[in-house]
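Two complexes come next, and they have one chain in common, chain A, joined by chain B in the first and chain C in the second.
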Partner chain A sequence: MNFKHKFVFLMPGLLVLLGILIFPIIFTVRLSFSGWDSFNPGLDFIGIENYIRLFTDDKRFWESFLRLGFLSITTVFLQYIIGFGLALLVWKEIKFKRFFRVLFLIPMMTTPVIMTVIWRTFFHESLGPVNDFFSLFGMAPPWLSHEVLALVTVMIVEVWQWTPFMFLLMLAGLLSLPKEPFLAAAIDGASSIRKFIYVTFPLMAPISIGAIIIRLIEASKIMDTIFVLTSGGPGTSTETSSFYIFIKGLREFQIGYSATLSFTYLIIMIISLTFIAKFLTKIFMKGDAE
Partner chain B sequence: MKFKTYKSGLLAAICTFTFSQGVSADTWSDQFPHIKGTGDIAGECSYEAMSKKDYSGEKLRILTHAVPVMGEPTALHADAFQKLTGAEVNVVHVPAGDLYSKSMIPFQTGQAPYDVVFGFSNWINDWKPYLEPVPQKYLDMAQMQDVTASHKAINTWEGDMFQFPIDGDRHYLKYRTDVIENPEYQAKYKADTGRTLKVPTTWKEYAEIATYFNGWDWDNDGELEYGSAEVMKKDDLMFAAFFSRSVGYSKNPRTPGGFYFDLETMEPLINNPGFVEALTDWVEATNYIPPGGTNFGLGDEINSFGGGQTLFSFSWDDAFVAAMEPDSAIRNMVKAAPLPGAEKVWNRMDGSWDMGHNHAPYIVWGWTAAVPKKAKNQEVAFDYLCFFANDANHVADLGVGRFGVNPYKKSDFDAEIYMANGWDPLVALSYASTLMEMEEYSTNRVFPLKVPGTNQFVSAVATGTAKALAGQLSPQEAMDEVAAEWKKIVERVGADNIRDAYAVGVALEDNIN
Partner chain C sequence: MKTLYTTLKYSAVTLWSMFVIAPFLWAISTSFKDFNSVTSGVSYIPWLQFEPSFEGWKVLTKPASEGGINIVEPYFNSIFVTLISSLISIILGTLAAYALSRFTFKAGFVKNSDITFFFISQRIMPPIVLSIPFFLMLGYLSLLDTLMGLVMVYIVLLMPIAVWIMVDFFNKVPREIDETALIDGCNPYQAFYKVVLPNSIPGLIVAGMFCIIFGWIDFFFAFILTFTEVQLLPVAIVALNSSITPWWSLSAAALVSVAPLIVVAFIVERYLSKGNLSGAIK
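This part shows the complex of A and B:
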């Protein structure tokens, strides 16, 4: 089969790829060099004006980006710890194992927006059940109206919603592990903790890296939780990059500028995640290297 | 006072009230129970008139808000319109935050996915290049003649009505009569503070009373009550609440030529001492709102005041209507009054405060609907909107709080309509007269900002004021930040482009016809 034949067979797939992946990116790049807004529709060309504005005059975007980094890393870390813990729990022979496996998955199966509305009702400071409980101890935490606590509330909701995803991947990983290393460790008389440190954890390293990266990508797109729970407030204390881009693009209709923000965000995310993946590989595969 | 005179006149009118329009409990109300209160009311777009049209084979596509606010009446009237005319009507519901982009993207890209679009009336400047003006035959109709001059103006741009009036909105004060008119509390308040307990006419009085009645069970229902419920959640219409608090301090009848900008120079006025004073008051208001009140959106405000949690509230009609729903625990225990004003108003020409009471109604934007130029079925679309707003539908819609349809016709400001729904006569009178006073009699009104890029300007206000409420910035720093942002927007969009559009709003505010 010569090159031309291969090309013909590859063509449909390439065209689909071009249509659904490459074209939107190219269009976004083109859009980012335009001043398209509610008053000036269309793809005019304003050079790098939007990029200059972003890098010299948009502190809010960079603040939201740093906040996103903090939020993503902390929530994914917590999801990994809890998800891995739960997976270890139901990996073993315990009573009602199947029931717990399904139970732990329920949060992930719910619709994020709907669940966030419910969480918002829970955390409602004067009408919600959470503060009803805290009032028994004479406390009324300002869950959504205090800068730090609002961020904590967002993290609670994120961790609740997405830990099951981590649980699922970790459980799948655990179930696929070979039995021999565990048998060998048992014969050597290794304790449970030692088995976890020297056998389970290293064997789970590849899947851990994959799970963390997938969740970091997803977590960095956090939007619906912020939108429903806090609208980025109080002030700008829970504003993340995607929420800020949404405000600029769809609320203020600065289409050209929001394309600039989106493209810049994409580039930074690609670079950041590449470094994070390398870093995680270094950490998790430390044992292998030695 | 003109207000009191009007009240007396309206009372007399109520005594002699009769329905002036043709009302019949008829076969139409059997078929469409929504209008059972009045039956079909004669008119060019009545049920009877629509039943004579044949739009079989025609398709109508409508973009509207999610159910229930405006989405529910849209769908309800679409269903009736379909049954009456034979047209196939498809209604698409989207959240409020998506309405603007869902309409603007097709407009700007030359697409026509909808024959009717619902939205907010302050988008008129961004929308109008893509809209078909309302044809003359609808403008001449009796139901349109009944629309107040303010709401015709809101939907009109330089002589052309681009949006079909379907709703009317103003911000006004709502208060609990079981407190303010309670002799026991009046005596207690006097004894404790030395001041008289009365409906507040300034924001300072509002704050004093709200602070006094904050955090204790003043209606003996076993729950704590609070001073005020306000829309303070960032990006959830909070900028409108801020403007309501600003108008008294910043709309000076002696300094025409702009409330938001100086029309001549296009310099933002948003950080002048009037706005800063209003924001300072608003930051203080965080001390007399319910726990979590800084995260209250419009829905929370409605539930809070409508549910009996607070003494005061101000914004759109919904909280008042919710309080007056038949199953409300505080039904007939609320009244309406004009927005509080201020004991001083900023004079930007002299650069000093003018002392003395100042009051300015805020005729805020409301729901509207329009037909795009590229709509395929413009005649059917306008007939649908005319049917939506016909007298029978309108009167029925007014009585359903969740519909979001509020008074905008002269005949709506008649207390008898609300008394028919079980409202106490004095409550109905306070509601009707407050609204009528704002609509027809005030000469110091503020209208919403309707310039190119409106959403950019109000978004900047939301961000700045939210930062002040959260304590991230002082009121002065916050408003300076907003002013700086406004200057950048003016520079981007072009001062002349904004001035041309802003002049239309200033003419309304300065009563130049």
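This part shows the complex of A and C:
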């Protein structure tokens, strides 16, 4: 194919994206070497001072990073299990199949912040229905003001919001599976459990890896939900990396330092996602390799 | 054994359905309350447990000068920004995806897969990383607090999705289609426009759907990059979430705002059941 044409197709998109992003990216890197804060606004150059501070004297960032890791891995794992399970349930004959399919998709179509505002009233300690239920047992769990419970609440909301995404990808995957392996298994008289282990699951492996990686990427950006639900609190117990960077950058106006955090965070994310992708390929594809 | 399985299946599905519906039911019930019925304890059923009030709904259409919360304008702003940025992202993203799927690019160590990764990797960046530079950049271009500025930012957010879905999709459209078209005397643009594109409708629908969802649900950029002139729906609603929250109008506004995309759920299901989507989502 002619040399010229391929660039006509590629370049508009690439140039627009680069055009919009080139300044923010270069500027963030440059900013990360400056001491821009509210006392001292301006692009000075302070070398790697910010990075030294980050690696030696900022436990809070690394804690928020670990918390983010815990939060995103657990919620994505739950979403995968539940989403896959639901997809299997409404895959074949079930009454009101289409109704359930639509219903299971709906949370994904709602705006997280807006639903979180509703969830906040839902989990309200004295006026919400959750504690109305728990009061039957004489309990009143402080959902949003207890360190562990606040984290649990965030996880519940995340699972509610994003299980549909997994559900959609897994159901679309199930519906596109070839029929032959299932026929073969039926002829061999395989039980449904064996059919799942030896036929369905291996066939779904590539889709599973894709879906988990996408969800991990999206989950690691969690911010809206925490912003509305707990504002990182109580204390710093639900603070994730994004939220911490937000506090440093736009609440405390340590713009230079927050750029350092952002840049470091991006590098770690890209490296760890690459590793996770390799790791998942290894577990899910085990059957194929042998 | 069989009946046990069926019972389990239906209980699982019902249980999850209840979890999905619960916040909506709560929001519907709350939207008909007023200050007294919210603060006097938890209640669910209007007329039976509390006297319904339509204040929460009425307030949505009143202008702010009469004590109302005008969400009509934010509503149209949101629709405008979402649609325009999705459209641009899909056009540019589809073209780029076609190039990445059909031609080979090589520049030093950069190959096709690296360019694709560059596109998709934009999704890894948390909004907060970009928000400060974007703030300064839009300020410099005097696009802060304008719809155009937001559209620009949203293109960065949405184009990666379009590229990701369309590259996968084009990889599955047989190359023979375009080759035949070329032999028949089409130039590459005609081959793309007349032959490949009509065969890619399911992919385009999925890409469009995801762009619209992720555009519509964004909060953070709209929160940072707009102030008073232009307000998007999520920002307008979260702004209600102050210390003295009017739960009733908040619930009503939330319900109104999630309504349009629920239509998308029906469209998705339709295509799923017809089997058209399954090829498009990998």
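Following the convention adopted for this analysis, the second predicted complex is superposed on the first by the 271 of 290 C-alpha atoms of A that agree within 3 Å, B and C clash if a C-alpha of one lies under 4 Å from a C-alpha of the other, contacts with A are read in each partner's own complex, and residues count from 1 in each chain.
Note that in this section a contact is a pair of C-beta atoms (placed from the backbone, for glycine too) under 8 Å apart; a residue touches a chain by one contact, two chains touch by 3 or more.
In this text the structure is predicted, and so the values were computed from the model without any measurement.
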Contacts of A:L17 with chain B and chain C, given as first, second, both or neither: second
In the superposition, chain B vs chain C on chain A residues touched: C
Touching partner for A:G42 - first (chain B), second (chain C), both, neither: first
Partner chain in contact with A:P234 - chain B first, chain C second, else both or neither: first
Which of chain B and chain C A:L250 touches, first, second, both or neither: both
Touching partner for A:L144 - first (chain B), second (chain C), both, neither: first
Doubly contacted residues of chain A, that is, touched by chain B and again by chain C: 127, 131, 227, 249-250
Residue numbers on chain A that touch chain B, as the complex places them: 35-42, 57, 60, 124-127, 131, 140, 142-145, 147, 150, 227, 230-237, 247, 249-254
Chain B to chain A touching residues, read off their complex: 97-98, 100-101, 104, 108-109, 126, 226, 233-236, 290-295, 297, 300, 303-304, 309, 452-456, 459, 463, 466-467, 469-473, 488, 492-494, 497
Sites on chain C touched by chain A in the complex: 9-10, 12-13, 16-17, 19-23, 26-27, 30, 38-39, 41-42, 44, 88, 92-93, 95-96, 98-100, 102-103, 105, 115, 119, 121-134, 136-137, 152-153, 155-156, 159, 163, 188-189, 192, 213, 216-217, 219-220, 224, 233-234, 237-238, 240-241, 245, 247, 250-251, 253-254, 257-258, 261-262, 264-266, 268-269, 272-273, 275, 277-282
Residues of chain A defined as touching chain C within the complex: 1-2, 5-10, 12-14, 16-17, 20-21, 23-25, 27-28, 31, 82, 85-86, 89-90, 94-95, 98, 100-115, 117-122, 127-129, 131-132, 160, 168-169, 171-173, 175-176, 206-207, 210, 217-218, 220-221, 223-224, 227-228, 241-242, 245-246, 249-250, 255, 258-259, 262-263, 265-266, 269-270, 273
